[in-house]
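The letters A, B, C, D and E name the chains in turn, as written, and every chain counts its residues from 1.
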Amino acid sequence: MTAQLLELLSHPLGQMITALAAIMVFMAVNGMALQYAERKVAGFIQRRPGPYEVGPHGLLQPFADAGKLISKQLVAPLGADRLLFWIAPLVSVAPVVVCFLPIPFSPLLTGMNINLGLLLILAFSGLNTLALCLAGWGSNNKYSLLGAARAVAQSVAYEIPLLLSVLAVAFQVGSLDLAAIAASQTQGLLSWNVLVQPLAFIIFFISGIAETNRAPFDLPEAESELTAGFHTEYSGMCFGIFFLAEYSYMVVVCAVATALFLGGWDGPVFPGPWWFLAKTFALIFAMMWFRWTFPRVRFDQLLNICWKWLIPLGLANLVATAAIVKWVQ
Amino acid sequence: MSQDVNSRLTGDFYTAPFGPRLEPDGDTLVLNMGPQHPATHGVLRVVVELDGEYIRRAEPVLGYIHRMHEKMGEVKTWVQYLPNMGRVDYLHALAWNWAYVGAVEKLMGIEVPPRAEYIRVITCELNRINSHLLWWGAYLLDLGAFTPILYAFADREHIMDILQMVTGSRLTYCYYRFGGVSGDVNDEFIRRTREFVADFKKRLPMYRALVTDNIILRGRCEDIGVLTPEMARRYGATGPVLRGSGVAYDVRRAEPYSIYDRLDFDIPTGRKGDVMDRYEVRMAELDQCLRIVEQALDALPTGAHIHPDLPERFIPPKGEVYYAVEGARGKIGVYLLSDGGPKPYRVKLRSPGFSNLSLFAELAQGTLLADAVSILGSLDLVIPEIDR
Amino acid sequence: MSPLVLFHLAALLLLGFGLYGLTSRRSLVGMLISVELMLNGAGLALVASARLTPASDELGQLGTLLVMGLAAAEATLVLAMVLVAAKRWGTSDSDRLSALKG
Amino acid sequence: MSMKRLFQNIKGLWSLLVGLKVTGGELIKPWLTVHYPRQEVENLSSYRGHIELVPATDDPLTPRCIMCWKCVEICPSRCISLRMHATGEAGVAAADDPGLLLAPEVKSPYSAHLAPPPDKIERILDSYRLNYSLCSLCGLCVQICPVDAIRFSRNAYLVGTTRQSFELDLLARLKSQAASARGAAPTQPQGA
Amino acid sequence: MEQLAHAAYGLYLVLILAGAWAAVRCRNLVRALLGLIMTLFGVAGMYFLMAAPFMALMQILIYVGAVSVLIFFAIMLTRTPGGEAGEEGGGARPAVRTVLALLSGLLPAAILAAVILTKAPQSLPLKPELPLGRLGQFLTGPYVLAFELISVVLLAAMAGAVVLGFERRKSA
């Protein structure tokens, strides 16, 4: 029985299904943990305790929030396109699950061994834009529509520098397989790509923040301009799903950055997956730190940063990398 | 969709100015910012017509928290109207206190003891710091920075504690009385105020490092919402909004009241008149407030805190009076008309926010939505004060 | 049926739907959607032929890639044209845009 | 020109790092907030809550109030209401003329025009109620009281779920305060 | 395994059918776009089935990530003043039009289907997955001209779109 089960699990399809289930659990836990962490970081930066009352040090606060979100009534506004309105949260959360598949937590611990892992993540993370569009359009709300328009322009623009920086690393390693790229940086700190490709790392991280709509690039949900942007009209768990998707994308971006630039599972003493998680969460902490420090940029400035700085720099970096790779060969 | 909106708006008096031009040409979007909106700090409604993200027209709509303060003045006795003043502008309540008290004192010819004058200056300037700090935090909140407002509140807390010691309240003060102030200050107050001044001087560089020098903030503020001195005059703008445009008009200097002519302080002005200049003027005013408080504390005379023999009932003679003070938002004017009865015949309050807000429609034209939020924030509006 | 036929039939379905949409749709954007359907059918047929017949695998996949690139370019251009049309005549309805005017 | 722009941009990036340093520094500093159920703020000594009656120096159970009605009159929001009666022969006789019931020692707008009563009338305060939901805490009543019979309470933690819970019976409050003071420290005369 | 592949094919075919149906029939253009996206996913799935994962991922990356978003923009920006947003204008479609359209779609498809069903070449077993490097070598080797042409076309399209867009703003 167990042998059969093991065999089933070791089958690629079985492995994938197991991985998908595990990823969903991970996403849920992660969403709650990150939400708690974000509040605590915000609290400490603002010299207050953050959530404190529910459970010891407010540890149960995420559960209380989840309970609240689940029990709230789901309301679709009058005149909304019901189909699009309800489908949008699903469209936003479903691709993230796939995005987790090729992330190598260790040489063995990965959802799916695919040699195009990087491409897979890039392809499916683009779907988030679509979800925001549908949400914005389906809500029959002007704020939502403006938020959606901003979201599209922003993510389409920032996808380019993101791709450029990723490509530079892919050129250097000669693979689109995240595990292979991570494995190429396991010869100690100096082999990490963050030291080899610092510019690409910076570009990737900035674009990643923009792609996940985090402050200071959180224009699609700029609350002082558009109240809540594309999710103005969402209540209850539908909002919760958007929220979950946003935090999961954060993890994906940071995990990819870890695999690409920070040596993946490389690290002494502790087993690889812990190092991978530690690096990922360190990057997430940096994102939170940014959020609670900086004002929001304006829309044209956002695009200027992308077109005038990130894309030229990314291109230059890419060309230089290609030249050096060719020369070394 | 747009037609639908049109038919829904036609019944609305306030959208009438949008009138025939409200006809959509397929490109514009009429958007209501407010009355419940995170950027309007209170119940202000701004009807904006958007072309993409650009604002074609913006029309502020007032009256959502009109409480008839002026009319209330006509049904209350002269003394009873005092607590209303703290509620007109809850952020700089003491300036409004002062404006009304000063007007009645002028009308009745009541002399204020010097100690009371100094106490008024100290408390009023502390209150001004308080108001500017809240503006600072709220403005940055508008721009998407969440943390500064809590740092500002940490400092505000000290001021509120200090003011609570003498006034007993923390926000809507009713402290000044005809002929003085309601309670004397003690040594503890003076000690803590000096402490605060020293502490706050150390905090200001942190503010600068965290926010003022931040390139994102500068990008959001510089060359945005440029207000020419001519336009500021045309709309009757006062306070930091006017001074940001380079006009060094401050009631404390132009029509000195109380003991301000004896104090040494500068009037910071801007050059370009953009949002950044208004920001810098307010930040520079924090320094000046500290200077004034220090000087006043040094020179605080002894004596009574309130005129010793005041009449039992305040019945001013027939006549009219206008008295203006400098509030955190600009010139606060109180006009009183007395018919010799126990109640004012007419009370007119000139609130600086009203004039400053009226600028917005013209300033916001042609800007991005995000810039309009920035401009709206830079005017430092307190909606209850505008509606009165 | 052989896999090749199956894939080709799917591609044909797309072609049929695309043609139907192209003729029945009235708005320019709707027509664009139909064109994309047909392009997809073409890509599917190309890749299927390349993978399942002796034809060059690389060539088929490259061809499809180029079609995708072209589709992106075409979508950009059509978007701009639709915008101009909508701006100038206030409609993106192909029936009402049929008149030739300068 | 472009070099200058570049330099400016680098300086701008530096400013972002400085901002991060500031918030990072604050991150590791202790909290500033006071945790209410576990801690309480310390500045309540200067807090001015709703008004309360001051007891007479000799008897903690009777208020110092002389029932001159000045506080009732000056209150801008009319939140104070007062009821009293007079005892003694003169008091009963004066019951028909409310003006006589007012304190003669102080000039009040109600009593100013009246001649002082022929005999000293003993006035007894029946109730002194404050509708706290109307009060604007201006302190005019405390200031005008000729005998300092009203003061601000330190009751900062007043909460209620109904409108009635803010209609305070200050006389009852005075009595309960006296009782609790006696219960807590019998030797201590009722103080602040 | 064979059955699994057939089941997957069926699933993708259903996706394609349903999506294409929605794409050509839905009056609401955003829903039609949603149908198109379903179809795109179905086609991507078929690429996966043919062991061409690179094509599948490029399909999602380019079509779903870029082209459909562009179309969404087109829908959003061409809201006509009179009609409901994103709806096809005009009243009911005339029956003649529908029949003609049906004919124009069915006829070529039917002819080609007949050809395929009768004259289909032998289907070979699936070739091994094409390594990505080979594609790249082909693109920069024998087909470099096509590659460059595509980039020129893309550039021209972008420039054209920008020019057209600018004209729009001027007239506004």
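Here are a few things to note about the model shown:
The rule we apply is simple: a contact is a pair of C-beta atoms (placed from the backbone, for glycine too) under 8 Å apart; a residue touches a chain by one contact, two chains touch by 3 or more.
What you see is a predicted model, and the numbers here were worked out from it, not measured in a lab.
The chain with its CA mean position farthest from that of chain A is D. The greatest centre-to-centre gap from chain E, using C-alpha centroids, is found for D.
Among the chains, the centre nearest to the mean of all shown protein C-alpha atoms is found for A. Chains C-E form the pair joined by the most contacting C-beta pairs.
Averaged Cα coordinates give chain A a centre that lies 32 Å from the centre of chain C.
One inter-chain figure worth recording: chain B and chain E are separated by 59 Å, centre to centre, where each centre is the mean of the chain's CA atoms.
Inter-chain centre distance (chain A to chain E, centres taken as mean C-alpha positions): 28 Å.
Within chain A, the positions touching two or more other chains are listed as 45-48, 292-294. In chain B, the residues that touch at least two other chains are 1, 26-27, 147, 151, 154, 210-211, 214, 216.
With touch defined as above, residues shared between interfaces to two or more other chains in chain E number as follows: 54, 58, 66, 73, 80-81, 172. Taken in their complex, chain D has these residues touching chain B: 9, 11-13, 15-16, 18-19, 21-23, 26, 32, 43, 46-48, 74-77, 107, 109, 136-140, 143, 152. Of all residues in chain A, those touching chain E in their complex are 13, 81, 83-84, 87, 114-116, 119-120, 122-124, 126-127, 129-130, 133-134, 137-138, 145, 148-149, 152, 156, 159, 176. Chain C makes touch with chain E in their complex at residues 2-10, 12-30, 32-34, 36-37, 40, 43-44, 47-48, 51-54, 57-59, 61-62, 64-66, 68-84, 86-88, 90-93, 95.
On the side of chain E, the complex with chain C involves touching residues 9, 12-13, 16-17, 20-21, 23-24, 29, 32-33, 36, 39-40, 43, 46-47, 50-52, 54-55, 58-59, 62-63, 66-67, 70-71, 73-75, 77-78, 80-81, 88-90, 93, 97-98, 100-102, 104-106, 108-110, 112-113, 116-117, 120-124, 126-127, 130, 134-135, 138-139, 143, 146, 150, 153-154, 156-158, 160-165, 167-168, 171-172.
Residue ranges on chain B touching chain A, taken from their complex, read 1, 29, 31, 37-39, 50, 53, 140-147, 150-151, 154, 210-211, 214, 216-217, 219-220, 368-371, 373.
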